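Scrolling down, you'll hit the structures one after another.
The same chain A turns up in both complexes below, where it pairs with chain B and then with chain C.
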Partner chain A sequence: MDPHPDLTSSVLTGLGWYYLIMCVMNVLWTVRSYRVDGQVPKSVPWIGGIPVAAFWASFSALLMMVSVAYFTGTRSPETFPLRLPDSFKDSFDAVTANPVVFFALSVVGFVAMILLRRIWIKDTVAWLLLNGALLFMGLSMTDWDFRQIVGKPDNVPIVGMLFILGFLTWIYFRRAVDNDDRIAAGQPLYEQEDNEKVLVWPDLVYTELICMVLLTALLIFWGIALKAPLEEPASSVKTPNPSKAPWYFLGLQEMLVYFDPWLAGVVMPMIILGGLMAIPYIDFNRAGNGYYCFRDRAFAVSTFLFGFLPLWVAMIVLGTFLRGPNWNFFGIYELWDVHKVESANNVNLSEYFWEWPLFRSIYGGIPRGGDVGTILIRESPGIVAMIAYFALLPPILGLTILRRFMARMGVIRFMVFSNLILWMAILPIKMLLRWTVSLKYIVGIPEWFFNI
Partner chain B sequence: MPPFLSEARLPHDAIPAPVIAFRTAHAAVLPIPFSRASAAFSCLFRIDTSGDRNQMGDKLSTEEILAAIRGGSSPAPDSAASETENQDTAPAEDENPAADEKADASASESSADDQADAPKPAAKPAPTGTAGILDAIRSGGAGSGASAAGGAKQDKPSSAPASGSASAAPKSTADILAAVRGGAGGAKSAASKPAKKKSAETPAVDSEAVRGLSAAEIIRAARQGQPPEVAEKKPVPLPSRPLKPKLVVRSADEMDLPTSRRGFVSRFFAWITTPVVLAWTAFTATATIASLATARFMMPNVLVEPPTKFKIGPPSDYPPGTVSTKWKAQFGVWIVNNEIDGQQIIYALSTVCTHLGCTPNWLEGEQKFKCPCHGSGFYKSGINFEGPAPRPLERMGIRLAPDGMLEVDKSVKFQQELGQWENPASYVPVV
Partner chain C sequence: MSPGEYIRNSQIWRSIFRHPAPTDRRNRVVVMLTNFFLHLHPVSIKQQGIALSYTWCMGGITFFLFLVETITGVLLMFYYRPTLEWAFADIQALRDVQTLGIMREIHRWGAHAMVITVWLHMYRVFLTGSYKPPREFNWVIGVLLLVLTLLLSFTGYLLPWDQLAVWAITVGSNMARAHPFLGSEGPGYQLLNLGGYDLITPGSDAKFILLGGRFVGEATLNRFYILHCVAIPLVVAGLIAIHFWRVRKDGGISQPL
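After this line comes the complex of A and B, so read on.
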């Protein structure tokens, strides 16, 4: 008997319900499509003239059949055919079980989200995306390892968060593109034309009351259905493997992989908080007050979303689903093997610099010694690099590509702004350096607990 | 002298009763120097009541304004500021005092008729909402104030303070409040008084009409555009306002302080026995004792901790090339027998990761210590080589005790980056 069965009877039953719910959702969508979507244009060969709703109806029927198949296959889960093929899992893991690929994909997705916003805000496209995500989830649930990670009570809110986040982002872009079009056409804004102002009492209070009741019911149900994952008593000499922060801090924990504790755990969170608070004082763009828009605030929105989606949410996903024992990187269908070997040998910038053949032949290797002068000379490449990064780069940027910003903001405001941007950029930069050249620290002075 | 003071006139040059009681009590029970000292202190904080009440109270509070509107006989400042430009342009129409009994809106119309630039709110339909009422007040000026001006003018145009607010429609809430303070304050005495008393200082006011009404009734009346129906117009006597003692600091020679040493001691004693000093002294003492008691916890009688020095058996228990994890759970050390720089030595490594303090695991297959929190990796020697750990694991002190046992001393640590691993106390050579 396989200790890690991909399919069990209870999993099959659960997936039967899962596809049944998807079927109901798509039946409702079919009704909506029949009323709204109309027919495929006559010019299209073969299928011209057929109502679009027909495709959704057949998709719903397919889901219904899948659901019935799962319900009826519970007697022999070992031989049940509807499962994710191993070849797909292996190839998927081979490509994605790599922080570089994951981060690159998240950035590509982020750029695509902004560039293709006119496409994916459409109702049908968004519904297709939702169906795709749900199908991916449902099929992946037939894998034991995936189920262990996603089904863990700790991680359920993260799965929910991903869907909620996608929905809210979709709403934003939908409203923003709508208003962009209105501005371009000289029409009144959506917020002005479709004024949804209602009375606090009863409209708002009633809504809040209903939300309160529903959320309380949901939380009670959740608290009963999913047990809190308690572990053994804490011990100062035994750390769970892997040891994960609360899910909302997993982005922070991922930052700690690349930085010194005081930097990633103290300085950078404070810069994040201070920077968020500073946004209203830095922002000089008067457009976009009180209405959704993208084109009026393209820079602000893109910067914020980059910091939020790839640098925070994607890090949470990475830390939750893709980090396993010994904080190694695992694919989503990969067994969490404690003995998985990931060879890494991280090197400080100073070692790279002084051991470079040219400098080695001149200076004879890295300076050794514990006195202040030697340490500073040893770490001078990193110190110079950091000074250049934080002190020279802002004025250079302000005089070249960000000249317009500097003119609008004034020098001091621009310096604050550019330093915040540079702090935000240092995380992906350090990640890339770690992945590409195994760089441990740019400035590494363990003698003084000062490492960047 | 504003009229309200005539109602509740203060005794001039009166020493307040508490001060008198204080002095007499001390004089009765205390020796002379002490009573002198107390007199000196009462001189220091002499309560002065002889000042004109009006100097302190010429600005009215909201409650007083409300009381003025309701009761009509409210205190009012002798608002010189309000005796302004309106004296020349003040209306001189022949309205009988009965006109003053009209509602605010109509009264303000009568006064506003003479203002070329003033709008006529009463000509409009009655305001329907709070905003409308506010608009009406804004455009018509403070109604009662304006009517008060009108009522005053016809009797005593020369001396009656006309409401400043009647001259121009106030624009903001602050203006309205100022108007109410000035005008309704000017409306301090009853509007019917010009008819009844014709007192020189008493300006007429229309707030007679609204006297005794609640705010809701006034607003309702204003909505209907009709004068509020007043059941009875009995003036409600204002309660006399509480005294506000005035602090007067006298100069030193004025206080005539005693200068002898005996006087100083007795004065100090008098000061130290005041309640506030006693209270603060007691509080400080209590807090100090509590802090000391808390600090005592820093030196417990019994320390439930593993000893920092412990024997771990003879060196033969640790064969060459091995990492022993048997003391990890109890003492938090790994005992390693390893060859370093050509020398076979035994050393004790701390099980605390140098990155963020988690406990790494020894992976025999990979021959490394690996931290589960952020993936830091250390060689068998303790040197960091992967992950974010900035420095090697720390060595604990170790020695060969006279009885042939190895003894680990956790109270000392040796850091490689500081060159302390050269210290012979950080390892035991294997012979």
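After this line comes the complex of A and C, so read on.
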């Protein structure tokens, strides 16, 4: 018997239900498509004139057949053919299983989300994306390793959050683009149409009541379907590998790869919270108060979305699903092997600097010694770089390309704003330096626990 | 006179509900003003301000989840004993044998959901620009509530006293050791000394204060239990009250000016 079976009878039954639900969703979509979408234009060869709904009907029928196949395949799960082929899983992992590709993909996805917003807010495109994501999930569930990590009870909410977040972001861009067009055309905003005053009883209190009933039902159903995790009793001698913080802190834990605990665990969380609180006081833009829009607040919204989606949510996904024993990176279809070895041979900026052939011939390599003066001289390149980054860059920016910002914000506010932006940027910068030149610390003074 | 009418005309009923059922316009207004639970709301509101596609209902859901957590949490407190001897066994019994043990499941999933809905509420408030004047300070209170929600979840994470709990808290609280100046492995702690003696040692630093010891142990369990069940919920309740009050005082739910 395979100790890690990709398919079991219960998995097949579960997937049968999964595809049945997808089928029902697409049947409903077919009805909608039949009413709204009309026909493929006559000019398109071969398929011109066919109702668009016909394609959705065919897709629903296909899903129905897949569902029946899963239900009937439960007798011999070992040989059931509808599964991800190993060749695909291996090549997928080989390409994506490292943090560089993961981060690059999340940034590319983020940029595409903003630039292509007019395309993906369309109903049909969004529905295709949803179906794509669901099919990817469903097919991946036929892999043992994927199921171990995604099916963990504590991780289920994260998967749910990703879908809800995608949906709400879709709603945002849809409403924002609509309002952008209205503003450009000089029409009233969407929020200003049909905006009569209504009585809170019944219009609001009934919404709240229905919401509470549905949520209670959801929580009870969730509680019955998934048991809260309970592992072995606590033991101070058996350290689990990996040891992970609660899932909502895994973005911070992931930052520990690039920064020491005093930065990743203390200073940066404080700056994140302080920065969040500072938002209303540094955003001088009066537009977009109380309605969805993008164009009039493009900078503010893009910055916030970048901080929330690639730098917070994607980092949580990375820390939760893709970090295994020894905090090594594992592909989604890869076995969490405790013995996986990743070479880490990182170099400090000071070593790069003093061991540079020219300096080496003049000064004889990196200064050695534990007294304060030697340490400061040794780390002077990094210290100068940090001072330049946090103290010189803001005024330079404020007097050149961001002059408009500084003029409107005043000096103090602009300094706070630019320092917050620089703190936000330092994480991707350090990541890039780590990946390109294996940089360990910009300033490395382990004698004082002061490493940046 | 039907029994229903008799009850509604009785002195007891009329002392509780001081006006007829909210079936006509006048009584629908009056009910919002005279009912304690409803008076958080205004009497009337702009239609688009309460549209689900606008609010996503996330703030309300967060508050509802806070109530669910309070109720299930109180029920769990009747059963659970925060000691090394009993903590794990009590949770195990809740899972395996205890009637209404599902309260623990609801409590845990509700906690996860609450973290998510706080984020999504902030997401919506940002994207509609609702933190802009005059609502700046309510956004600040909201960020404080975010911190407290995360701390509530973090302190509750330890209470089952299993491997998952203890090591997650160990990983999280190790950060306190690296606190600048106040952690025994943080930069600058050497600066705090008197006559050559360090004030900040593993026996006196930020991690020690958080855990009530050098390691996650019985003192930590007690400390986190009090924080989780009493201290933080009290502060959260106070801040929620201010948050709601300010929503009303800052001009109600945000709308285009």
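Please note the rule applied: the second predicted complex is superposed on the first by the 444 of 452 C-alpha atoms of A that agree within 3 Å, B and C clash if a C-alpha of one lies under 4 Å from a C-alpha of the other, contacts with A are read in each partner's own complex, and residues count from 1 in each chain.
Definition applied: contacts are C-beta pairs under 8 Å (C-beta built on N, C-alpha and C of every residue); 3 or more make two chains touch, one makes a residue touch a chain.
Everything quoted here is computed from the prediction, not taken from an experiment.
J.: Which chain, chain B or chain C, is in touch with more residues of chain A?
T.: Of the two chains, more chain A residues are contacted by C.
J.: I'd like to know which partner A:Asp154 touches here: chain B for first, chain C for second, both or neither.
T.: After superposition on chain A, A:Asp154 lies in contact with chain C alone.
J.: Where does A:Asn98 make contact in the superposed view: on chain B (first), on chain C (second), on both, or on neither?
T.: Touch partners of A:Asn98: none, neither chain B nor chain C.
J.: Is A:Arg286 touching anything from chain B or chain C once the two structures are fitted on A? First, second, both or neither.
T.: In the superposition, A:Arg286 contacts chain C only.
J.: Touching A:Glu231, do we find chain B (first), chain C (second), both, or neither?
T.: Only chain C is touched by A:Glu231; chain B is not.
J.: Tell me the contact category for A:Pro325 with respect to chain B and chain C: first, second, both or neither.
T.: first
J.: For A:Val257, decide between first (touching chain B), second (touching chain C), both and neither.
T.: first
J.: Of the two partner chains, chain B (first) and chain C (second), which one does A:Pro446 touch, if any: first, second, both, or neither?
T.: A:Pro446: touches chain B, not chain C.
J.: Return first, second, both or neither, reflecting whether A:Lys197 touches chain B, chain C, both chains, or no partner chain.
T.: second
J.: Considering only the touch criterion stated at the top, classify A:Asn346 as touching first (chain B), second (chain C), both, or neither.
T.: In the superposition, A:Asn346 touches chain B alone.
J.: What part of chain A is shared between its chain B contacts and its chain C contacts?
T.: 235-236, 238-240, 243, 253, 260-261, 265, 449
J.: Name, in rising order, each residue of chain C that touches chain A in their complex.
T.: 22, 25, 28-29, 31-32, 38, 41-50, 52-54, 56-57, 60-61, 64-65, 68, 88, 91-92, 95, 102, 104-106, 108-110, 112-113, 115-116, 119-120, 122-124, 126-133, 135-137, 139-140, 143, 146-147, 150, 153-154, 157, 160-168, 170-172, 174-180, 183, 185-190, 215-216, 254-257
J.: Which positions of chain A touch chain C when the two form their complex?
T.: Where chain A meets chain C, its residues are 154, 157, 160-161, 164-165, 168, 171-172, 175-176, 189-205, 207-208, 211-212, 215-216, 219-220, 222-224, 226-236, 238-240, 243-249, 252-253, 260-262, 264-267, 273, 276-277, 279-281, 283, 286-293, 297, 301, 304, 308, 445, 448-450.
J.: If you look only at chain B, which of its residues touch chain A in the complex?
T.: Its residues touching chain A are 328-330, 332, 351, 354-356, 358-361, 363, 365-366, 370-375, 377, 385-388, 390-391, 417-419.
J.: Taking the complex as given, what residues does chain A use to touch chain B?
T.: Interface residues on the chain A side: 235-243, 253, 256-261, 265, 325-328, 339, 341, 344-346, 370, 440-441, 444, 446-447, 449, 451.
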